[in-house]
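You will see subunit A twice below: alongside subunit B first, and alongside subunit C after that.
Right, the complex of A and B next:
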């Protein structure tokens, strides 16, 4: 259920390099971006890190999560903060009850206020925060129109048709779905895997883009479908265009994070710096393949003239495990965990402040004084909790 | 901001909406048909004497072999149930088929639904005007609620079918103009 390694790792590397980072810095940015899809509670337990820093959940972890209020809030905090950043927390539709609007307002869309907040939060916080922010940014394009909370009335979808653009015009082909998570998607026959149809309002099957399978993660896919929230209207998802926007916006965002721009503005894309690579990038984005990793890797290596190693999830584990307690926050993983906790706290708090308790009652640790914030992070490192759920009254 | 259609719905969206209503209406019509059988079966099982009295007039029940009359009653009621349930299944499946875009020329099921609706309304009015006093009053109330739901489902099937015909004609006309 994620934009794949091809974009989060290799494409982010390319964008970072074009934005002005060195080869080594670009690798770290790319690693952090991809690591957002790997930082589960299971992984964090292995390195004895703070569980509150989890940025994703395994299928098994989701299956273990109860769908009571606490469980739903935990799921929403993770998925809305890192993979389905809400586009408009104050959206309004007439004649809809609050319970519906709480879910509707979590729909992911690019160029939202939360994206600006995400980047402001990452500024000056290092490479790891930068990488994490790039993952969030890229997902706002890939995962738009879905919400990071289990919701049948938002995330259910039907009538998928793939649009093939030919010289004679657009050709539509009905997409067939199956529920076999083991079998790869068959691009030739147009058969894809998606989550099982479940009419329960808050089933895990209705989390994020499960009902669309991996379609949002394929940069070549252009398709038409009817989302549940769109009142029977169809929407066309043009991934090549969206992914290109994501790539150009990442370059602009990273330049902002490096200090080349004073502020981050929505709807700005750095097309200038990719002008000479435009056709190459388009051809990678539009190539019909399950993974574009090889193409992005080749492009990245041409850009920098250096080899890009394959992503290894355990790359920084030893550094973290071997560090002393006071040194852990300064390691790569330590800084990543800090950035993740900050991001989760910020987004969850914004959701709460908008009047929506779907992510729970969450204080924003970023508004605390540095001393209190460090205390909370140290507690988080020890206990796996950071009082982000408002329960740790002792630290208020 | 999310592309929500706040104004007038497009033609395709209205067609999808009517198909959705028809699909669920058709399925509900079949399921509610099962209720007829369940309710009658339970009534005959738990209140056999009342059922017999209702089925036969008082005079017929003098000097009778109860088990034989009971068996005849069950067989006749079962036969009627099967006929009406088959009718419901036919209507329901046709509605689902039309909702899925197949068999768009089907019309008979709508006529049958209209007749079924008239019959249901007539029976309902008759029960209100000439109520039969039964022991199980709460069962009577539950039955009334479910029958009302069933009536609503029939109306949904009729209205959405007619709307779909009109919308399909509109779409064909606009495609012909555009083509």
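Right, the complex of A and C next:
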């Protein structure tokens, strides 16, 4: 069970149910949201799907990725599109070179223009696209202040201090990190796993929130640190508040996707619908534990009165494998792959159009006719290349 | 490891092997090649640090460390420029000190990795320790230039082979999803 499963699967189920989806629909939304953390090239290989639809990378895949320009762009396309959605692609700081700003502008933050684009893209595309968008939305809150690209000057961080809120006031405790990936985080002693300190500009160690370990993924965590890009100023990351905002924004966003709101507006949170569960949700978010899955699951089952099965990554594999070539796109995985390719294309193109080549150039599947769309998937399937740069230029 | 870095490491390792073999058969020429190689390498790395600092790292919290790194490398490179004009035995002392410092840094880094429980410290520790031992042996043979050359060349060969094998090794990644 992964750490994020509690929020991406169980909490997303709760939000979907509150937003008005049925139990079955909510399960599919939650599955799609969690599946974003599982849809690797390795998995796609197994089901013989389009490799360009990969939404995450395994450690072994990252180790195999060459950190040349093409490799760097592939990593950025995946991580910026699905896990670290940039908050402001046109951020401006005077007297900073473009090469620095290209990395700075990829810092993830909630309520950015790209979030609105993500929701617009998902509207009318079905449950799978909705779940995928919910993952992206939730991560804008959890992963804020980090960028989905390997960057020493953005993602490196100094010391972290966990803030314990007590009746007598706040108490700070220095967090100790280790680099043993198999050792679980020790909440009692305040020992967490993070990536190794590396001064290389584009080291994988400086990708995303690796230097902060799993701290951004714990809803209870409140901590203070100095981000590399913050000009020696400290930030306090208050996860319980951020996660609550994420939960309420997910409800609002899903209502938009269901057609209850005409347009998706930034900084709108559906607090009304959770008023009667407010204390319950807060208590789950603030409970100090490695995984809040059981608590969210119990809450979800109380909400719907139905049992929530555990997340099984292979749940829809047989459906996809047994479908004929023409039926595959309408299966759960087929629809998820289409949504993933569209999201990756949209985000990468927005980054490119902002004058930033860090994510390379990717064809936007939505601008293609059905014929070209099928051809695109075929080429991606054959080549396994996430970067469609050269191959498809002739299709434009 | 980046592909360019891998290629660089392999090329560097091969050059070390060639230089050490030349040095065994013709000490003066071999010594000069090693010195020039060291100068170019140090100055190139310092320039890279300066460029990276002025374009990127000066805007980063604690990024000044990149500037210090560049200055130290440049200083060492400029100092090495004078090695061509002094007797080989004195020049060798400088090379041995460089090897000793490099070995000590490797050992310290390995120790840090061990304390951080990375599980990947043994190789670096053994490599650093071997450099330290060879450097100390070199000091022991300072009076015999022939033996000093053999020991130093043995160290260079070990370093060259290690560089090549490191470049070919698959790097383990610790990444938090």
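To be clear about the criterion, the second predicted complex is superposed on the first by the 373 of 396 C-alpha atoms of A that agree within 3 Å, B and C clash if a C-alpha of one lies under 4 Å from a C-alpha of the other, contacts with A are read in each partner's own complex, and residues count from 1 in each chain.
In the analysis below, a contact is a pair of C-beta atoms (placed from the backbone, for glycine too) under 8 Å apart; a residue touches a chain by one contact, two chains touch by 3 or more.
Bear in mind that the values here come from a model prediction, so they are computed numbers and not experimental data.
Student: Identify whether subunit B and subunit C fit side by side or clash on subunit A in the overlaid structures.
Tutor: With subunit A as the common anchor, subunit B and subunit C collide in the superposed model.
Student: Between subunit B and subunit C, whom does A:202 touch in the aligned arrangement: first, second, both, or neither?
Tutor: In the superposition, A:202 contacts subunit C only.
Student: Quick check for you: in the superposed arrangement, does A:153 touch first (subunit B), second (subunit C), both or neither?
Tutor: A:153 sits against subunit C, while subunit B stays out of touch.
Student: Which partner does A:231 reach: the first (subunit B), the second (subunit C), both, or neither?
Tutor: both
Student: Let me test your reading of the model: by the given contact rule, A:304 touches which partner, first (subunit B), second (subunit C), both or neither?
Tutor: Neither subunit B nor subunit C is touched by A:304.
Student: Quick check for you: in the superposed arrangement, does A:91 touch first (subunit B), second (subunit C), both or neither?
Tutor: Only subunit B is touched by A:91; subunit C is not.
Student: Of the partners subunit B and subunit C, which touch A:145 in the superposed model: first, second, both, neither?
Tutor: Only subunit B is touched by A:145; subunit C is not.
Student: In the superposed arrangement, which partner chain does A:107 touch: subunit B (first), subunit C (second), both, or neither?
Tutor: Only subunit B; A:107 stays clear of subunit C.
Student: Please name the chain, subunit B or subunit C, that touches the greater number of residues in subunit A.
Tutor: Touching more of subunit A: C.
Student: Looking at 38-46, 56-64 or 92-100, which bit of subunit B clashes with subunit C?
Tutor: Stretch flagged for C-alpha clashes with subunit C: 38-46.
Student: Which subunit A residues lie in the overlap of the subunit B contact set and the subunit C contact set?
Tutor: In the superposed arrangement, which is not itself an observed complex, subunit A uses residues 226, 229-232 for both subunit B and subunit C.
Student: Okay, in this complex, where on subunit A does subunit B touch?
Tutor: These residues of subunit A touch subunit B: 87-88, 91, 93-94, 104, 107, 109, 145, 159, 226, 229-235.
Student: Using the touch definition up top, name the residues of subunit A that touch subunit C in the complex.
Tutor: So the residues of subunit A in touch with subunit C come to 2, 4, 37, 56, 59-60, 62-64, 66-68, 71, 83, 96-97, 99-100, 103, 152-153, 156, 158, 177-181, 183, 193-196, 199-202, 204-205, 207-210, 212-214, 217, 226-232.
Student: Name, in rising order, each residue of subunit C that touches subunit A in their complex.
Tutor: Within the complex, subunit C contacts subunit A at residues 1-4, 52, 55-57, 59-63, 65-66, 69, 113, 116-119, 170-177.
Student: Note which residues of subunit B are touching subunit A in the complex, please.
Tutor: Listed in rising order, the residues are 1-6, 9-10, 12-14, 16-17, 20.
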